[in-house]
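Just below sit the structures, each encoded as structure tokens.
Paired with chain B in one complex and with chain C in the other, chain A is shared by the two complexes that follow.
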Partner chain A sequence: MNTLANSAAVAPPGRIRMLRKRYFPTPLQGLVSVVSAGLLALILWKLLNWAFLSAVFGADGSAADCRAAGGACWSVIANRWRIIFFGLYPYAEQWRSALACVAVVAMIVLSCIPSFWRPWRLAAVWIVGTAIYYILMKGGVLGLRYVGEEQWGGLALTLFIFVATCLIGFPLSIVLALLRRSNLPVISRGTGLLIDAVRSLPLLAILFAFAVVVPFMLPGWLQTGKLYRVVFGAGLFFAAYQAEIIRGGLQGVPRGQEEAAMALGIGYWHRVGKILLPQAMRNALPATINQFVIGFKETSLVIVVGFFEILASGNAAYGTGEWTFAYREVYAFIALIYFVFTYSLSRYGAYLERRMAISSR
Partner chain B sequence: MADTHPTNVPAVQINGMNKFYGHFHALKNIHLTVHRGEKVVVCGPSGSGKSTMIRCINRLEEHNSGQITVLGTELNDDVASIDGIRREVGMVFQHFNLFPHMTVLENCVLAPMLVRKTPRAQAEAAAMRYLEKVRIPEQALKYPGQLSGGQQQRVAIARSLCMEPEILLFDEPTSALDPEMISEVLDVMVHLATEGRTMICVTHEMGFARRVADRVIFMDAGEIVEEAPPEMFFQSPSSERTKQFLSQVLGH
Partner chain C sequence: MVSLLRQQKVRNILLQALFVGIVLLVVIGGWRNAQHALSAQNVVSGFGFLHKSTGWDVNFSLLPASPNDPYWWFFVIGIVNTLFLGVLGLMLATFIGGLVGLSRTSSNDLLQLLGRIYVDFFRNIPLILQVFFWYSLVTNLPSPRNAIEFGPLTMSNRGVYMPALNVGGWYMFAATVTLLLALVLPLWLRTTRRLASPPEQRGALVRGVLAGGLLLTAAILLLGRTPGVALIDPPQLQGLNVRGGLRVSPEFTALLVAIGIYGGAYIGEIVRGGFKAVGKGQTEAAHSLGLSPWQSFSRIRLPLALRAMLPILANQYIWLIKATTLGIAVGFTDFFMIVAVTINQSGQTLEAIGILMAGFLAINLSIAAIFNRINRAIALKGNQLRS
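Showing the complex of A and B:
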């Protein structure tokens, strides 16, 4: 009781003194503090007013209501959200697209849980997740109507491109990083050249090449849909960058680690899988999370080869005559969706770093 | 695994071995035979090639000419036979080289489980036995980063022992330790020396050499300069270079 009373008596003056010291050390700095606080309050008030107080919510709000209210017109989202999430996917079948999104998000969440990090568990999660997504989206089996890839769109397409890019790019990046370390100069130089070549091209050029140029070079039996070629191109691009990140991580593992494993008679694959990669991935974790976040945002570039991922679908959502004025609201909404995914990714990265710090040296 | 090799072949036999780093002649015409159960201490000034020599024995370094035969198997480019030899030759490093992302126990059971296919329960039981032998069983579930240098080096010794190697190589095992931790590691090594395993130790610990070595080898500038039982080595060394080295090491 005594200490409680004491701390209650002492704490407020202490806090005020601290605030004064921090924000009003001199009259001039005090003035700066006041002006900054005022500006911040003004901006927050305007934003609050726009987004909530003068905004029109609900599907019933018309464009005319919105103009009259003067604030944000969230009615555009309420009316057009299906286009943002599902793009050109047939209206009656959009529940399939929604379920497919749920399947992909579940697959991502499951593969982020450490107890799933066993090769066969991960493989099972990915195979089942991809199969569910594919069957739901494409149909043609189990009584589901066939929907071609050119009709896929919105968030469902963005998630597909992101996940497929990672599933192709991440394993490929490990292979490239290991090949680059090969003792055979032909292999290490060749891999280096491939990585440098891919990295020196803009992603746009690679996507174009895989969408337009590659079909001319492939034999007939290798001709796949444009979407798969484009995703492969994005995966290759991802792998080139990620391979260098992993190589950096491998360089951070002391030489003695591999020697100790060799001296114990542990073979190459176990040395790589049990000793080198776990430590390299720990070193490379911050940069890796960064690369995944970039990968997620770069999915928007597939618009140039004619796919309607979420950003392009957003353009279509306000692009009809009635709602053209409401582009701010649509972009704010899409930004929020991007933020939810990328922020989750970075929080997950922070969690992994804390988890690994427990066993760090 | 001792039974798999005929007991009449020497543990290590090195014949006319040379090693170059570019133009630098690191090891010059090395001849050395280590018999089974023998304890050999290798000493010499830094840069004399002693570490390089023992690292050639489990092929962490490749020799350029001459022959190295370990337990009857010659070291060449055959990866399978090298892995086979490494299973029988344990090594303890100057900087411990424990795997930092695994607990002490996991460090110990990793190689037996992966290489010898020992079931986990059996590997863990053996690991605990060896951790008791190096007097550190209570640390089994900690990570290497939570241990002192001396404790880490004792874990590294236990990790090597878990593979039940025929031969143990020590590459300056106490050189990276704070002075007060050297004796706890040396005590363990002295105890090991009584158990009949072949040991080749690169070390500056002359007291250890006097106590356990059957033979002391002095190297300088990539050559074996002197080879003698410890009494003779310390009392009446034949070469000037050995005398000079001993006066520097023992002089104060």
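Showing the complex of A and C:
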């Protein structure tokens, strides 16, 4: 009793003691804590100062105002946000582009809700969402003015490339994964070769090949717009990676499951569709979300084959006239847009992982 | 007929024949169409064009290059450029990734938070956006006349200048190779089991090889120095330009920095995963044996974590080498850009794409082979990684 009271008297009160134990257990650790805290504060302060305190907001800020203020010049965004979001889409019709973006985002959000995870519901959501996007963007029906693909741009084009890549890539990846684990040696080897060849190439090379080389190889009746070819290339690349993820998921399904299904006389399609794939998808879910995140980031590569997606329109937004100095603001803005999408997707993936860890306990 | 189709064996053969047929149809059809289209454009197919001179120049090359050089030489230059950028990028990314990974596994919350902010920030922004950003940053630096001097570096919108050595080209190459050998050979000597003596007794040999290698490098540098000028050639402002030193172009700087920072975020996560894979029991055992925190880190946790992260690291390295193709976005003549320009200039589309595929396949396979070897060499017997 006595010793307990003594130690309580010597030691500082609870919270401070906890803090000291946490951040200053040894002098070296204390130094590390102080330096880290200082670095954090410095970054935070610099960022705050640049982005808000000495920044110029509003569309009427001029280049000279920005130089005088010394901080970020958000006037460039206020003046050029339409280019960044919609690219070269006709000015009067840009509300369509905005609505199309909303439709796509809603579709992505819907497909993150577990009650939509039935093959048919997912397929329906994606097909309806993409159709709405396509009709809104392209027009030509329902009294909407026709706008060709070469005028699409900005965030709307980025979202289209992402959605189309997923729509082509995901079903294709299931097919490739099933072909690769086929019992027939020619089919499994051949598919394996295709998957490995695609995976060993950089995506940029594949996009380039589909933009420049493939038109030579296609017969006349298959010649489509460059956008669709490039999207198909991106989908193929996505599928090659995703097929390996699904294969990993399939390998995680206990062998007994398939054997039991065979013993019960269940046919191939039921066995794969109702027993193997649902469990494999569950195993592969975290890696799949990660692959979607990567896929979203990699849409930006189409700028190299000459599309006016969000990065290219950002370059155009600061590249002309009085705003040539404002590259930081434009890139920061675009980075923020990418960050919002990819970070929320990857947080969602982490949440799913936790959820699954609890339910499989 | 129907009963024949119901037989498993017959069906299997038919299915495989169908598969082969479809593949052949696509490949041969595509090939014939391409031949047709290309001959309509008066392009002679075949690899004869490799010996023609290119007529265009590259903006970065470690090897001598001129527009009179043949295409095959340009492909070699491209591969060397890609490997050069790739290997430097890998080294930078591994260094940053090691720091980030360690900070994320540290027991200090604040340090962990720093690492986490780094990873979350740089991993969620596309690499090409980061390349563009750094490129704009370098090209928006002041002109050489007002260049920023930062330690030994001089930075201007024409690139970053750093001190160079006044040493002839081939001597420089030889010195680099010796230096690498001097660093790698001792590592190998310390771990290999090929030699008769046990690895623990080779301390003197290892130190000797290291010292000998370093001395040899210095000797080669001294031998190859350009007579009459100082060995070290620092960049100096002279009139409107920077004289002397080694100029690193804005393109190369942007790519190297972007790949290093972006790759560092990914490698940091791999390092963290590696340390997480080391069982708690191992650390506790080290503690109870009375090892100091540093000993327990360097002798127990690090070697085990390294083994856990190697296979994933190999994939990441392959990915990073492939990321050098972004050079085309800012105009750095890497392998891919040379292939793209070749297609543009000569029209030899199929051949150039074939060379591109072969080149990347070779690079990927060699990285995989190197890592497999390392993996096998350091693999542990038993299940020490588990508990």
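Criterion: the second predicted complex is superposed on the first by the 337 of 361 C-alpha atoms of A that agree within 3 Å, B and C clash if a C-alpha of one lies under 4 Å from a C-alpha of the other, contacts with A are read in each partner's own complex, and residues count from 1 in each chain.
What we mean here is this: a contact is a pair of C-beta atoms (placed from the backbone, for glycine too) under 8 Å apart; a residue touches a chain by one contact, two chains touch by 3 or more.
Just so it is clear, the model here is predicted, and its values are computed rather than measured.
Enquirer: Check the residue A:A239 against both partner chains and state whether it touches chain B (first), chain C (second), both, or neither.
Expert: neither
Enquirer: Check whether A:P254 is in contact with chain B, with chain C, with both or with neither, and answer first, second, both or neither.
Expert: A:P254 contacts chain B only, not chain C.
Enquirer: Please work out whether A:Q29 is in contact with chain B alone, chain C alone, both, or neither, and reply first, second, both or neither.
Expert: Once the two structures are laid over each other on A, A:Q29 reaches chain C alone.
Enquirer: Give one of first, second, both or neither to describe whether A:M262 is in contact with chain B, with chain C, with both, or with none.
Expert: After superposition on chain A, A:M262 lies in contact with chain B alone.
Enquirer: Should A:Y338 be classified as contacting the first partner (chain B), the second (chain C), both, or neither?
Expert: Touch status of A:Y338: second partner only.
Enquirer: Considering only the touch criterion stated at the top, classify A:A280 as touching first (chain B), second (chain C), both, or neither.
Expert: neither
Enquirer: Tell me which touches more residues of chain A here: chain C or chain B.
Expert: C
Enquirer: Do chain B and chain C touch any of the same residues on chain A, and if so, which?
Expert: Touching chain B and chain C on chain A: no residues.
Enquirer: Which bits of chain C are touching chain A when the two form their complex?
Expert: Touch list, chain C to chain A: 12, 15-16, 19-20, 23, 29-31, 33-34, 37-38, 106-111, 113-114, 117, 120-121, 124-129, 132-133, 136-137, 140, 322-323, 325-326, 328-329, 336, 339-340, 343, 349-350, 353, 356-357, 360-361, 364.
Enquirer: So in the complex, the part of chain A that touches chain B is made up of which residues?
Expert: The touching residues are 254, 256-257, 259-267, 270, 274-275, 278-279, 282, 356, 359-361.
Enquirer: List the residues on chain A that touch chain C in their complex, please.
Expert: Per the touch definition, chain A meets chain C at residues 22-23, 29, 32-33, 36-37, 39-40, 43, 183-187, 190, 197, 200-205, 208-209, 212-213, 215-219, 293, 297-298, 300-301, 303-304, 311, 315, 325, 327-328, 331, 334-335, 338-339, 342-343, 346.
Enquirer: Taking the complex as given, what residues does chain B use to touch chain A?
Expert: Listed in rising order, the residues are 58, 60, 83-84, 86-87, 89-91, 93, 95, 97-103, 110-111, 114-115, 143-145, 156, 159-160, 163, 169.
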